[in-house]
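Shared between the two complexes below is subunit A, which pairs with subunit B and subunit C, respectively.
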Partner chain A sequence: MRTREQVLKDLQTRFKDDIVDLLDKSPKRVYMEIKPEAIVRIGSYIFKDLEARFNIASGVDARSHIEILYHFSLEYINLLISLRVKLDREKPSIDSLANSFKAVNWVEREMSELLGIEFKGHPEMKRLLLPEEWPEGVYPLRADYEEWDKNAIRDRGV
Partner chain B sequence: MSFAVNALLKSPWVFHLSTGSCNNCDIEILDCLTPRYDIERFGMLLVGSIKHADVLLVTGSCNRKSAGRLKTLYEQAPQPCVVVAIGECSLSRGLFIHSYNCPVPLDKIIPVSVYIPGCPPKPEAIIGGVVKLIQKVKGT
Partner chain C sequence: MAKSVIPIGPWHPLQEEPEFFTLTVDGETVEDIDVSVGYNHRGIEKLSEMKSFDQATFVIERICGICSTSHPFAYTMAVEDVIPVEVPDRAKYIRTIVAETERIHSHLLWLGLAGHFLGYNTIYHWVWKLREEILDVLEMLTGNRQNYAMFKPGGVRRDVNTDNVPLILKKIDGIIPTVNRLKKAILDDPVLHARLKGIGILTKEEAIDYSALGPTARASGVAKDVRKDAPYGAYDKVDWDMIVTENGDVWDKAVIRILETYESIKIVKTCIAELPGGEIDLNIKDIPPGEGIGAHEAPRGETFHYVRSDGTNRPARHKVRAPTFMNLPTYKATVIGETISDASIILAAIDPCYCCTERMAVRDMEGKRLFGGPDLVKLSQEKTAQLKREMGVQ
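The block that comes next holds the complex of A and B.
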């Protein structure tokens, strides 16, 4: 059975050119900032070879950049690895992980419509949550989102 | 008051629709059916289809997708059908008034007869609201 130190050392030696920063936050939590072009290599290695469980991915508009966190849990050593990817805010674009494992399919579709991140090579990129009449190119979870619907009522009527 | 309305008021059957609520109002509606409150003793029955219902209970702040489905349900309801808005979200959208996905309140989509405020309203408040509705329709 692999230990926590062996897993982290293995990752650091195997992907030493792709890892930008490694933050050892607590015994249960490691944040690993990686280069965006290495996400398919590292993500599928952690999922397939290290036999991690893919929990969820979360997208954040941090105003200076857009970042995605892919959370993987390694239950045999009780460790949560979060892969952090920083993307350019003007044109955020990254390779899709959906061809490596299926669980990431819907969350990438959700991040694509709510934050406007382009996932290259995604097998079925279409809307998941937003309605049909929602305009193209308007992303509601961006920090600079503005109301586009002229018929919306934003007072309580009293 | 017509004969049909008089007959329906003896035993109003209710249909419950959640248009994107946090499920807390829905739990309070289900509490009304438990032996402690037991609204079935007033003849009210929770039915599984809008086509059997006389009263439509709506919870939740209508979002863009559920507004269309709400309209469809209201059109399918046998007339006369009265609408009861339960909870702060369906009254004025509550916390979600500035949400990108909740553009208009419920009473701008379909006509609403009774408003029951609260987050969530107590089962007593829901029963009281429906009783007031019956009195209002009867005209007493």
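The block that comes next holds the complex of A and C.
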């Protein structure tokens, strides 16, 4: 079985042009910032070749930019790798991982509607949590979100 | 026969993910399934950003009524990971005791409902009576049957009252003979074998591809359990086994939950016997800027929390992922090709919320109502009764 050092070294040599920053926070946590265009390469390598389990992705509106963290668990070395990508806040867009493995399907739909991130090539991009009546272009998890007219929901006759 | 669409759902106000299933059926066979969620989306992630780190624990606790320690457990670990700190041993043990006691009652609750769906109402009432004993234990430990408010970043809020320990141990020992009888009654029942084996199969490859969690994954031979893989609390200090089976059908998922109940009883008893002394709380005052991740193996699988702090007293971002979020999409793999009478138990097999299933209504394409929720449960129960007749079992 691979050790923690081997896995990290392997990732650093294999994707040395794509890795922007690597934060070795603690024995159990590693945060790796990568270029957004490399997400499918690195994400599916970690999931398939390193046999990781996909925990979840968390989108963050950091005000100056939009961040996505893809969390992967490597149980055999008790390590959690979080891939961090930083996207332009005006028009956040990244390639979808959902064609590589199914576990990411739902959370990309969720981030798309709550944070307004475009996932290019997602196989079934439709709303997951928000109702059909929710207006386009209003993203509730953005930091500058202001409540829109709630009466519109109240009066929709449900 | 023409294809019909069965809408199941959407409203269930009790658990964290109310679901709306659309089954497309051809005769008795399910041809396609679509799941939509969000009908009771409460915006807890956003709400949590408006609370202090301490207050957020209470909000998080109310995500789920059945496993109301899972989310605080993962959340407090995430906050502790931001700093990072290790909580005192006594707090770790108390957290483990509460979490495992809760697992016992959660698994029993599922077993009872599964029994009801299958027409074994004796099991249903039997198990739920047993579950009351466990809720009494939880009340003795925490002061409440649900929403215990035991967790806080840095430790636990209340100590275990040592006067109650003999009574707690007596209560837990008292349920073992009943669980034994229950296990025998279920595992030796030929009708249940015939009814549950080989339906709703989730293969190992699919379980990995969907990153399924908890008993749903372990029934498919994926030996993953956060308590073993990334030990926290007192899980690396007590002796217990991870239960894994290979077949991935509803039967295996039931077996896993029954056997895990025993492991939980074992963990609770050891933890209470070996409860170390010392502090129960670190009294954390400030959370520095940074980010942290907490993961706890809830009864349904891993609960995952990501917390980011910007140095103020509130989380800048708090991501909550409940296990059902990963387990629900596996329906695409398990329900298609099965019959409607099996669909209700397959949908229940991952242990999601139940009222959805009770709100089923079958309609033909013109929208005429054919079956309601009680009819579908009846359909499932009739299948069991028919099996019983064919097998000559009373």
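Assume the second predicted complex is superposed on the first by the 150 of 158 C-alpha atoms of A that agree within 3 Å, B and C clash if a C-alpha of one lies under 4 Å from a C-alpha of the other, contacts with A are read in each partner's own complex, and residues count from 1 in each chain.
Please note the rule applied: a contact is a pair of C-beta atoms (placed from the backbone, for glycine too) under 8 Å apart; a residue touches a chain by one contact, two chains touch by 3 or more.
All of these numbers come straight from a predicted model, not from anything done at the bench.
Colleague: Quick check for you: in the superposed arrangement, does A:Q6 touch first (subunit B), second (subunit C), both or neither?
Modeller: A:Q6: touches no partner chain.
Colleague: Looking at the overlay, what does A:S93 touch: subunit B (first), subunit C (second), both, or neither?
Modeller: A:S93 contacts neither subunit B nor subunit C.
Colleague: Between subunit C and subunit B, which one touches more residues of subunit A when both complexes sit on the common chain A?
Modeller: It is C that touches the greater number of subunit A residues.
Colleague: Just checking: does A:E133 make contact with subunit B only, subunit C only, both, or neither of them? Give me first, second, both or neither.
Modeller: first
Colleague: State whether A:W106 touches subunit B only (first), subunit C only (second), both chains, or neither.
Modeller: Second partner only.
Colleague: What part of subunit A is shared between its subunit B contacts and its subunit C contacts?
Modeller: Shared contact residues on subunit A (touching subunit B in one complex, subunit C in the other): 130-131, 140, 145.
Colleague: In their shared complex, at which residues does subunit C touch subunit A?
Modeller: Residues in contact with subunit A: 36-38, 41, 43, 45-46, 81, 84, 208-211, 224, 229-230, 291, 293, 295, 302, 304, 306, 308, 316-317, 319, 321, 325-326, 328-329.
Colleague: Can you check the complex and tell me which residues of subunit A touch subunit B?
Modeller: Listed in rising order, the residues are 130-131, 133-134, 140, 145, 147, 149, 151-154, 156-157.
Colleague: Tell me, which parts of subunit B touch subunit A in their complex?
Modeller: Touch residues, subunit B against subunit A: 64-65, 92, 97-98, 100-101, 103-105, 108.
Colleague: Please name which positions on subunit A make contact with subunit C in the complex.
Modeller: The contact residues of subunit A facing subunit C are 26, 28-29, 31, 53-56, 58-61, 69, 71, 73, 75, 78, 80, 82, 101-103, 105-107, 127-131, 140-141, 145.
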